[in-house]
Amino acid sequence: MQPRLEPKQQAVLAQVREISQTKLASRAAIIDREAIHPKESWRDLWEAGFLATGIPKAYGGLELGPLTYLTVVEEIAKVCANTAMTVHMHSMVTRMIAAIGTETQKAKYFSEVVKNGKLFGSWGSEPGVSITSGGFRTTLTKQDADSYVVHGQKYFCTMAGAASYAMIWCTFAGAPPNTPAMTWIVIPTDSPGLQIHGTWDPLGMRGTISPSARIAACSVTQEQILGKIGDMGVYQLGVLELFMMGWAAICAGIAEGALEYACNPSPENGGTAKPMLNLQEPIKQASIGEAVVALDSARAFLYQAATAWETADPGVRRLWGTEAKASCSQAALLTTNRLLELIGGRAALKEFPLERAFRDVRTATLMPPPLATMFETVGKSLQVKPGVQSIRL
Amino acid sequence: MQPRLEPKQQAVLAQVREISQTKLASRAAIIDREAIHPKESWRDLWEAGFLATGIPKAYGGLELGPLTYLTVVEEIAKVCANTAMTVHMHSMVTRMIAAIGTETQKAKYFSEVVKNGKLFGSWGSEPGVSITSGGFRTTLTKQDADSYVVHGQKYFCTMAGAASYAMIWCTFAGAPPNTPAMTWIVIPTDSPGLQIHGTWDPLGMRGTISPSARIAACSVTQEQILGKIGDMGVYQLGVLELFMMGWAAICAGIAEGALEYACNPSPENGGTAKPMLNLQEPIKQASIGEAVVALDSARAFLYQAATAWETADPGVRRLWGTEAKASCSQAALLTTNRLLELIGGRAALKEFPLERAFRDVRTATLMPPPLATMFETVGKSLQVKPGVQSIRL
Amino acid sequence: MQPRLEPKQQAVLAQVREISQTKLASRAAIIDREAIHPKESWRDLWEAGFLATGIPKAYGGLELGPLTYLTVVEEIAKVCANTAMTVHMHSMVTRMIAAIGTETQKAKYFSEVVKNGKLFGSWGSEPGVSITSGGFRTTLTKQDADSYVVHGQKYFCTMAGAASYAMIWCTFAGAPPNTPAMTWIVIPTDSPGLQIHGTWDPLGMRGTISPSARIAACSVTQEQILGKIGDMGVYQLGVLELFMMGWAAICAGIAEGALEYACNPSPENGGTAKPMLNLQEPIKQASIGEAVVALDSARAFLYQAATAWETADPGVRRLWGTEAKASCSQAALLTTNRLLELIGGRAALKEFPLERAFRDVRTATLMPPPLATMFETVGKSLQVKPGVQSIRL
Amino acid sequence: MQPRLEPKQQAVLAQVREISQTKLASRAAIIDREAIHPKESWRDLWEAGFLATGIPKAYGGLELGPLTYLTVVEEIAKVCANTAMTVHMHSMVTRMIAAIGTETQKAKYFSEVVKNGKLFGSWGSEPGVSITSGGFRTTLTKQDADSYVVHGQKYFCTMAGAASYAMIWCTFAGAPPNTPAMTWIVIPTDSPGLQIHGTWDPLGMRGTISPSARIAACSVTQEQILGKIGDMGVYQLGVLELFMMGWAAICAGIAEGALEYACNPSPENGGTAKPMLNLQEPIKQASIGEAVVALDSARAFLYQAATAWETADPGVRRLWGTEAKASCSQAALLTTNRLLELIGGRAALKEFPLERAFRDVRTATLMPPPLATMFETVGKSLQVKPGVQSIRL
């Protein structure tokens, strides 16, 4: 079931669908096989404004609301999960800048995106630490009035070698005890002291190119710091929670794309003359039907949450983002597994896109938090102190 | 996540919630234990107009749209599944009359409901036959110009002994071969020839009182036939599909009510001073959280389908009704099972309502079609002939 | 797949099967409906020696090994879960006495069983405490040289009103700090100070009659204490772990009995002329087949563990008991749920035994520890310190 | 839980474990990465006699019974699924020859294996046809007294380019109607007319090198035909059913190997200094514990069936093979998925073996029949005509 979109939103969706099917789709296999950046696909999306979905219209962006934005990401993921994931990460950084950046920062960075097609990475993960767990060991230390230095180590630095800037999640060294010290800085990826190392050879999401990085005494000025140091107000803005909603949309999109390819192949989805999944037998119908029910329910939740997103309070958004990611992850895993099982050995051959969809879903769903932790978060939300209304019920 | 309701719809929901909590809730246990009709609860709902949710305003009814109607049923089910199920069945008959009845029929039957609080049963099931499978052996035979006679046997005759009228699903004997012969007649339950027999002692949904009936040469006049004999146009009206949506809402409601009682007891939900489910341990949080994610996704699908219901074509409504019933059934079973498992032996004692919720969900989800068949229906919808757009994708 | 039994073991199994089918089966429904003790069934089993399966031959018992014992319990559970559960609990107490009782205790108590058919309950549960969690608040306090007094409160006192003796799980008040203080005492159930109270009206396992009890200053002599106070050596004997194996066998047995009744009815299993589950459609075959695969795998584990039981060390037995209970619980729940779903509404009527099997499995599987905790125990067993061989791998 | 093995069987297992850990393990990654034949591993196994496990002692083979054979295959799969799968397929052909071959065939082919380390492939799959479905379109046609010709097309020709001989599953063209026409022939893989084509680039099991083959007018003599044409007696021998048991053992082995590596790394399993799966948190313990319970139950069934294999009748073996494959497939999928989820993104990197275990299990479980079909087979076995004892119950 499609979400309820206004005509204007539908036009945006139709446009990105056109680009996805005619341009992005045919490149997806080689991006995966060679583990290369989807550079041409980024360019095509940039030309149509889709690197600026999170940038206010005043700065030349599309300024898409949550529902339209998520359907755009889902649509891209139907044909190329790597393009969808990298564009989503980039878009989240632009939304952070829009939410807490200074005028100067906005002018500078948004122009880089809109005019020059520059990309922004968001590098959070560290050994044992993730953007959902917090507690980063990468440290920002003040040197003098306007000068800082950052040290640390980051895992899974997506778009390494292609993003022009990286938003680094770090801890401010000089914060008084028991004071939030989390902060975000934007650094050019060619900064002296920033060094990409390690290889990138994973199961799936191979075009996200996410090796490790060392940050050794990298200089930072005040103008590179987003928001006020230690001001956790950003958690009240609901931007961070949109990360999870996007991951949910990407999982749903990969599964939808695989389903469409397997059942209703067409020139648009690169399909073979005959559907790979032949749905004549009742047990096959029932087996894939179970997955579709899960997928449609998960997507309905995602769209409903996106529709109500902007008027919901931050705690509720966190819960919704968690539920959407959990539900879409489960449904996408079920769907891609069932497709393989019902088609059999041929579905595992790399000449067809189902094998890639399967690997991409399995890998994308490993982004933290894991399922068990998401369920824990949701369970925790159920019980409140007497007199306090649960955010869920 | 609550569905998006207009202020007017919210007022309706608030009113039924008030009645449910202050009047219906405290009777639910005895209705179940003694397997008796929820007569006082029907009366309370009737007085507030809730036996007329499917009756047009022109005839004194509430004429609720699908979304509001389903949230009303869900709300009642939170406290008394038996009341919700019987009211839903009654309401579906009134919607059938509204859709295909003559002016005379509407005037007569709607007045009986609005003024006198009369109830309508819908008796479809036969040995090996159900309202979703069709092919009834109960037969309507023409005697002369305006006179018919009906013979047959019905299972699961809900509200037997309390409904004043029953809509009987039958086959017209004189139809030419290969012609649809399905028809619906409305008969007073005290008609000579109609005889209730058999006992009613089931696992759950015990207050729906659904024994078997024999119909032996029961006389029927033209005025008792709904619509034109064999006119399957009713399947284009989407009324029948709303049956499944209501069952979905009832399952979701029972599970929601159980969850609320177990986690956040209050005087309103009849709860104990201390929550029966103590959610301090992470594995308990994660275990119930998994069920909540499933339940919220299923409800989101239900609400999204209900919102788009009236502009959707009949085939799509059938698919949506199937998906909603499948998804809400699974989620409600998971939720009530997890509550029992996490609370332990005490949850199985009849002094608390969780045991009843568990039995009611397990029994309500046995209403046809079964899960495997619903999944089959959904799977079948995926594949269309080349050039034909699937109703789902 | 049946376990591999020697001819002697097969004869024992054939005998209990004969008694179960010809005598126990026909009483099972009323025991459940009325929530009464299975007194006649106990008598029949006693006459054939089956109340003495855990009593050494030297004392007139059958002294069955673990595998034969568990198949006996499983066989009884196929026709009457209540009889199986109470006999299992009684048998576990006799095994405790055999393991740690004095000669005097053995002579006295075993004679009561063998000659007089007396029954022993095992009362452990307290609010928030269970035999698997430990930490009982029921307290044994020394009065003088040979005199003690016990105080406390017990939940789920199985066979209350029918067992002649109860083994009480309690804590010795005078134990030095950090010393194990757990102890077991055997008291006549008509002891002054022991008072059964509360009602017993649960979902299933209704013939186990397990209300609450208050123990107020109940006098105890040295001869009533089993083993040495605080001697946890009993945990090295593997008797307590056999509790869980028996629960596993009971769940498997109920599910097997239900499956047999539904698919292959016969006069022996009280079946109807036509199978309630008609297995003509592939999706029905596949749906029940999935449950059967789970059930057969769980039973294979149970039998394999039982076969190797006596030479395994206590830690391994604990792991096996946990795995067997977890696996058989899941499989029995899946099997009884699938039977209901595939048969439909008729399966929920109390005139057929499937509804009872469903309730009994759901209730029996609520005995602690819950699934999530069992999985935790198994997961914990996987990782050992470097150089230490895991008990599993 | 390990199966119960005699000392002699244990010695065989210890020997293959030694070879696996010291020789096979370190080659597994490159075999997968490059999709190359495990030639050196075959040679090591051959030198120790493990290419002759299915060859009678009279011909110089090990003549292992089913239980020992399956534990050998499982042990190899713990370190290299590709070696295990190819050796299993080869061994099945030698068992077919032992069961229905002539003396001349045995002398010739067994000597090739024992003395020269030659390998045998088994090529059954065709578009839409598999060894479990039958109905091959590859056709054997008689030319004259001792001369035949074979035509056809085969998919998934495992060990193409490395096996010296291939057993081809085909249909005898001259069979009278309604007569079984299935037959097996052994042809040298360098026969004129046999042409390997197509590529081999799959998700997992990449070292099995299974491209397609065309067989165009390939000459065959009487001596190359195994057994009597159309003599379906081979289905009474239980050899074919052992195929499924071996696939089950391979899935279980891969999962066991992955579990050991992740939780208890050691130099033997190539493990890292610190376990990749840190099992400190209860929800992680519970999550992996659930998989372990499934895996241990599935393995218990496999061992129990293997132990009773030789005295079971063919229909029972077919059922057991189906149940074992279904249960071990499910458990291995659950285990490898949980390992990835609980470890997170690092588990998806190719520098660790878990990613490969995951792909190998997902691919191996696509070998026919699929899960839904296996469940259907098991469900079908439950119901027999009155008076006929079900092979299961």
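When the chains are written out, they are named A, B, C and D in that same order, and each has its own residue count from 1.
The definition used in the following text is that a contact is a pair of C-beta atoms (placed from the backbone, for glycine too) under 8 Å apart; a residue touches a chain by one contact, two chains touch by 3 or more.
Here the structure is a predicted model, which means the values were calculated and not measured.
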Which of A-D and B-D has more C-beta contact pairs
A-D
Where centres are the averaged C-alpha coordinates, which chain has the largest centre distance to chain B?
D
Between chain B and chain D, what is the separation of their C-alpha centroids in Å?
51
So the centre of each chain is just the mean of its C-alpha atoms; given that, what is the distance between chain A and chain D in Å?
40
Out of chain A, which residues touch more than one other chain, so two or more?
282-284, 286-287, 372-373, 376
Show me the residue ranges of chain B that touch chain D in the complex, using the header's touch definition.
281-283, 286
Residues of chain A touching chain D in the complex:
125, 155-156, 199, 201-204, 283-284, 286-287, 333, 337, 340-342, 344-345, 347-351, 355, 358-359, 362-363, 365-368, 370-373, 376
Interface residues, chain D side, partner chain C - complex:
1, 3-4, 256, 259-260, 263-264, 275, 277, 279, 282, 284-290, 292-294, 296-298, 300-301, 303-305, 307-308, 320, 323, 326-327, 330, 372-380, 382-384, 390, 392-393
